[in-house]
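Per-chain residue numbering starts at 1, and chain names A, B, C, D and E are given in the order in which the chains are listed.
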Amino acid sequence: GKTGSASSSSSASPSSGGSAVSASGSIGLLLPENTTTRYEQFDKPYFEAKVKQLAPNVTVNYANAGGSAQVQAQQVQTMINEGVKVIVVDPQDSTQIKASVDAAHAKGIKVVSYDRLAEGPVDAYVSFDNVRVGQLQGTGLIDALGSKASPSAKIVEIDGAQSDPNAAQFKSGFQGAVKGKLDIAYDASGQWLPDVAAQKATAAINQLGAHNIAGFYSANDEMAAGIATSMKNAGLSGLPLTGQDAQLDAIQRIVAGTQSFTIYKAYKPEADSAAQMAVDLLTGQSTASIANTTQTNGSGNKVPADLLTPVLVNKDNIKSTVVADGLWTIPQICTPTYAAACKSAGLE
Amino acid sequence: MDPRLLVRQEGLRGYFDEFRRKVRGGELGSIPVVVGLIIIWVIFTVKDSKYFSAANAEYISYYMVGLGLLSVGLVFVLLLGEIDLSVGSVSGLAAALFAVLSVNHGINPWVAVLLTLLAGMAIGALQGWIFARIGVPAFVVTLAGFLAWQGVMLWLLGSTGTINLPDTALNHLFSGNSFFLNGDVAGAYLLAGLAVLMMAVSLFGQQRRRKAAGVPYRPTSELLLRTGMLAVAVFLVAWVLNRASGVPNAMVIFLVLLVICDFVLRRTRYGRQIFAVGGNIEASRRAGISVPMVRTTVYAISGTFAALGGLAIAGTTSAAGQAGADPNNLMMAIAAAVIGGTSLFGGRGRVWSALLGILVIESINSGLYMLGLTLDIQYMITGGVLLAAVIVDSLSRRTQKSSGRA
Amino acid sequence: MDPRLLVRQEGLRGYFDEFRRKVRGGELGSIPVVVGLIIIWVIFTVKDSKYFSAANAEYISYYMVGLGLLSVGLVFVLLLGEIDLSVGSVSGLAAALFAVLSVNHGINPWVAVLLTLLAGMAIGALQGWIFARIGVPAFVVTLAGFLAWQGVMLWLLGSTGTINLPDTALNHLFSGNSFFLNGDVAGAYLLAGLAVLMMAVSLFGQQRRRKAAGVPYRPTSELLLRTGMLAVAVFLVAWVLNRASGVPNAMVIFLVLLVICDFVLRRTRYGRQIFAVGGNIEASRRAGISVPMVRTTVYAISGTFAALGGLAIAGTTSAAGQAGADPNNLMMAIAAAVIGGTSLFGGRGRVWSALLGILVIESINSGLYMLGLTLDIQYMITGGVLLAAVIVDSLSRRTQKSSGRA
Amino acid sequence: MRDDQPVLALRGASKRFGAVQALTDVELEVHQGEVVALVGDNGAGKSTVVKTIAGVHQIDEGDIEWEGRPVTIHRPQDAQHLGIATVYQDLALADNLDVVANLFLGRELVTHGTLDEVAMEKRAQELLDTLSIRIPSVRIPVASLSGGQRQVVAIARSLIGDPKVVILDEPTAALGVEQTAQVLDLVERLRDRGHGVLLISHNMVDVRAVADTVAVLRLGRNNGTFPVQETTQETIIAAITGATDNAVTRRQARGSGSNPEGL
Amino acid sequence: MRDDQPVLALRGASKRFGAVQALTDVELEVHQGEVVALVGDNGAGKSTVVKTIAGVHQIDEGDIEWEGRPVTIHRPQDAQHLGIATVYQDLALADNLDVVANLFLGRELVTHGTLDEVAMEKRAQELLDTLSIRIPSVRIPVASLSGGQRQVVAIARSLIGDPKVVILDEPTAALGVEQTAQVLDLVERLRDRGHGVLLISHNMVDVRAVADTVAVLRLGRNNGTFPVQETTQETIIAAITGATDNAVTRRQARGSGSNPEGL
């Protein structure tokens, strides 16, 4: 009798037909990394709050892989050992997670892929469309360039880490959107690191000549901080600069005019949707109520999906997006340094 | 016999007396680490009762293998008083190479394994050669390797990104659902019995030979005690693992390699040469040992184990990806060897320290993952425990030093 | 005078003869690294003519400061024959701490700088104390620090994430648009003149004192040659930087600290003690040097420089974020010190090696970044060049050893 | 033997290393202006006595008395502060530093907070000249010195500062005939200036030439203390080896038969 | 002096360390069954000669001849393969290994590919007994041995294997009277068995007792070769110090005045 204890614990689940409120059990939430603030700052608390609201007796087990796919695999295994009934995982590596998804599936555990689409027999998927994010960044950059946008306008592109598959999706979305409309004169990976991004931006400026550059593409806000500094040092503060994630520092830069816009992927709807899917799966219901489309993942599985739309945030809609959603408050944004800029941007 | 030597009394009694004297003099050996391990287990069990379960024991015994293999290779290097910073990158490269060979090029998986291990060995030998023959400090050579092999790995995976590995051949053995004798209860007990038998044969054989040659030997009571203690430990482990799914094949491979390495280090000329070079390079050179040969081969061994460890790590995720060359793997593998008691300064250590150290590290990891702490707390705890483990060890070694035994 | 000693002939002639003899005997000093640097420059200039420009010189002289400061602290540690793996994490923590103190809590930026540097010093001293007094190997203590301080940093930044730093106080000095005397042409030449003057005063003062005491001294011709060479170098650099925007204040801070550290290491009792402990711990102890004191303070120095380096790195991005504790920074800072000629085995080195090494590394980086190469190629080239730089150095040192001077 | 109080005394000192009882109840006295020779077989515990007094090791039991009162010597600094200078058998020089730096290690000459290299170099040169040793240059690293050169550097080290008691652990072992003579002269000068000297040597000729008292150690225990003037060499050697029939006497017996002295 | 071919000879050997010319045109011959003593002041270059022959350093100019034909000795192995066993002044033992492991380092006894620890331990015990040294246990690390004990281990090392020429660099410097006598006996036994021995020592009594020929080195150059039987001690010392008026003679002159020999 070697197939042991773990399988017996999972076979018991789908009996509770009743109201979601009385359901019990546990959900595993696995997030990939911590170099950007969002996961521990927003996704985790939003998700936990929503689950609590939907099913007070359900516990959430949390793990963060710190950027390592291998750690994430171990964490999935831990969750399986602990007997969770649903796993919500934001895969650090969407291919590499397949073995873990397979293992969970074999034990009858449901898997919700969060933010990035995992390979393997995934039961549901919720995310923003990464390619769409890149497209938005591209069209946003063209808009910000205004009349200066032309096929000969030289753009400096700083991408995310080469080892991160999302970075490739952002990049392809962006390049698709600007193809033939702008000239990508410099393209390198900033490794998601602001100091590396800053140095590469300066190198690009030295290489192309400060006057020949029309704008900068930064895959996310973290790197935009470094790039903005390099632009300032070269006297290019007025040029367009993109971003992503709606970090506080980026909002402040947008207010101050040193960054053009960021892409806001509202965490709350995403986390809420995932929590709803998880609780549904936990209680044996279908996810059809939220998953209005399907996505095919890398291993060919058709996954019911809820794809949310990202929003471009610039000086004009800060108030109606991140502030209205409670992501950041006006006092958080308008510190003394940014008070004057806030005033002129109409944030008070 | 020198009248100043405090000789142990005959029999079990004398054994305990000496043990007590050793503990008082700070010659604790592995005791602090073992005690630390037990404390870690108790704390996590109090925090979450699921921690102390057969499933978690199985978890630890499986996940320790990848890093443990890296650590074994590092023990060889540490015994020389050197370091190999490239093992993390080499392990990532090995997994990528294997995946490209076996999946993309369709080469027979066992042949691909062989080629991968040879590549690891060649990389290690190259680094060792640059260190030994050209005289570039090993730290720098392997730091360069740390960067360069990572680059080669990215380049290899370049067009495809992560590659999923099929559940065959060595990948199957290293995967989480492959157990010794298919998880049959007898399998675990067979292994345990084998271990006890080997220990007994070795100990009693030695006693007989020493008796015959008329040199001092250990009393039979002590040998029985040692064999008995080992028996209790291994049968307990076997019993626990049987309550889950059995003994993971990955662990069997790891243990067999440990036994072989232990034999090489302690009972062969080559092992003696490694210790000698780690203790005093000039003395070794003058004794006619080819120091460059020893250095080159030791790095080749380290490279081979790094490659094997990379395959084992890839086995845990059944995939080879760009994040394979995680620098944390390097840090943890070194930490394991040191926690287990291998000196960073060369000439002192055993391969078993890799096992002991990796047990400590994986016990902490599994507990932290289970508690679902945020990463900042997790970093702080891992750092703190690592430190505590070694502080105890160092304190005991200090007492030892003040009584002249270090 | 010993008849076996080959004495240098009087005058410039003798100086050149000795130089030739040294080169033949392999006593090349910094020459291989300087030659390597020139080769790197030539290659990149051939690849991209913009590489050899005033703007790029300014780029290098600005971006080298952050890592360079880490490297200076590491030189102290390496002189002890130890290592500090925590500098990368401490630098990240320092930037975060400063941001939280000055931005979130509104503390006066200079006070915040002071508190941050004190925190860095305290962290270093704590690590040094655990190493020196408890006897935990420094490698392990600082490995624990590497993990733990990163955790503390994440925890500090927890609620806000990345924090933008205002362009005031030290942040202004460390930012890319702050130049000595506001970039006035006179500023650069003033600094160059000062450097030459200091060198001349020191050299000729020493000659006078040695003459007076009747011990051997260097001939005037040699002193003139040395001063002249320095003058050519520094005025050339000043001229180039003036063609761009002037001398970055960050670089001025770096150079001033280098001069101070060089003085401390070579001309004070404390510096002598560091070298002694790095050479032979037991001899130092018996000579009445408090080895734990030296160790603790050296780690405190390393911690302080790590904190300052963290502020400088944050200056390049005007922000303190969670990616501050980049482990590559650690590797690069160590590589810089070693490439520059500081031994990993203790007791041999100069702080100037931090400058020389970081120049090599930033020269490579700026070229690679300019070419916009992908990460795999970048890793391979950095690893390869690092290795090549040290192979040349090691080969020269080997010739040296065979003629008995290592 | 003088009747004044000993400047340095060991009372019932014992020291264990792991399973080896290196010293058992050792008694030793050194008076001012007296040269005490400590002799004994290899491994008898002589160097352990020295290191105990110098603060390198601590004794397990017993006392160290300095000018009559018991003192604790935890670290080498403590011994130095009392006025004990030691030349160790395992020399312990910093190989990476030059001769001057090693001579003044821990007692550097300083002016205005800066090392006074010139003064140190001058003084070093003078000191080495009195010991008539040829060292190519006082600015070469100690690593490249010959065995005897290293030993002389270590001896010169102990004379910097003004110690009350000088301990020399086999100082002439590696020295040439001329340097040995110089060191013995030095020992006599130290005695004449009223210092106490504890001299360890295996060379009975040297011991008899300069020592006032000979203390014998055997297997970590006292085995007699003899005034040199009134004791024959045979008595001392018998105390050292623990037998009147030993390799030395046998060799001498043979020697006088088959290989007559002189030309 | 014998008329057969020397087993080992140095011809016009020169060696430079950085700015120090350590050896200049040194000539040396060792015949079978002959004990050659190499003497000289500290830093004269004796140990450099030894290391040159043993393959630790290489000579810059000149030749080493082995049984009449020139050989190149690049590494210590080369010297060992020729049949040269060396005891170095700086002993170079692996401190972390025990006495047995050090004795057999590089020449371990092996059965079926496995170290034969039992045989090695037995043989080690026997070897050390013949040198009458007391070592608490042959299984303790060399780090914890006294100076003399370490020296005996190094000497015993050189006797494992069957060398044709044994080079001893100040082998008795750290040894007690009894052990010294044993080592001198050993040297005589080696000679009688037809080995060549190169002995370096500062102790003229020992040199005169066992050597057949004395070669003097002074400031890195040959300064005479003397047959022991026909040479007075004064002649040798004068050759070593380069003067008949030196510290030794002065000391002796004083000694015979103020401090009469014997009781």
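To be clear about the criterion, a residue touches a chain if its C-beta (ideal position, glycine included) is under 8 Å from a C-beta of that chain, and two chains touch if they have at least 3 such contacts.
Remember, it's a predicted structure, so these values are computed and weren't measured experimentally.
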Chain-contact steps, minimal, separating subunit E from subunit A: 2
Reference subunit E; chain at largest CA-centroid distance: A
Chain separated most widely from subunit D, comparing mean CA positions: A
Distance between the centres, which are taken as Cα means, of subunit D and subunit C, whole angstrom: 44
Whole-Å separation of chain centres (CA-atom averages), subunit A against subunit B: 38
Whole-Å gap separating subunit D and subunit E, where each centre is the average of the chain's CA atoms: 25
Separation of mean Cα positions, subunit C and subunit B [Å, integer]: 37
Where subunit E touches two or more other chains, by residue: 17-20, 134-137, 144, 219
Of all residues in subunit A, the ones touching two or more other chains: 34, 40, 162
In subunit B, residues with contacts to at least two other chains: 2, 4-5, 154, 374-376, 378, 404-405
Subunit E residues touching subunit D - in the complex, by the definition given at the top: 17-20, 40-44, 46-47, 89-90, 132-137, 140, 144-149, 151-152, 170, 173-182, 184-185, 202-205, 209, 219, 229-230, 232, 237, 240-241, 246-248, 250-251, 255, 259, 263
Residues of subunit B that touch subunit C when the two form their complex: 130, 134-137, 139-141, 143-155, 158, 327, 331, 334-335, 338, 344-345, 374-380, 382-384, 386-387, 390-391, 393-395, 397-398
For the subunit C and subunit D complex, residues of the former touching the latter: 2, 4-5, 206, 209-210, 212-215, 267-269, 272, 275-276, 278-280, 282-290, 346-348, 404-405
Touching residues (chain side subunit B, partner subunit A) in the complex: 50, 53-56, 59, 63, 66, 154, 161-164, 175-177, 179, 182-185, 242-246, 313, 316-319, 321-324, 326, 328-329, 365-366, 369-370, 372, 374-376, 378
Subunit C-facing residues of subunit A, complex: 34-37, 40-41, 161-162, 186-189, 191-200, 202-204, 206-207, 221-222, 225-226, 228-230, 232-233, 247-249, 252-253, 332, 335-337
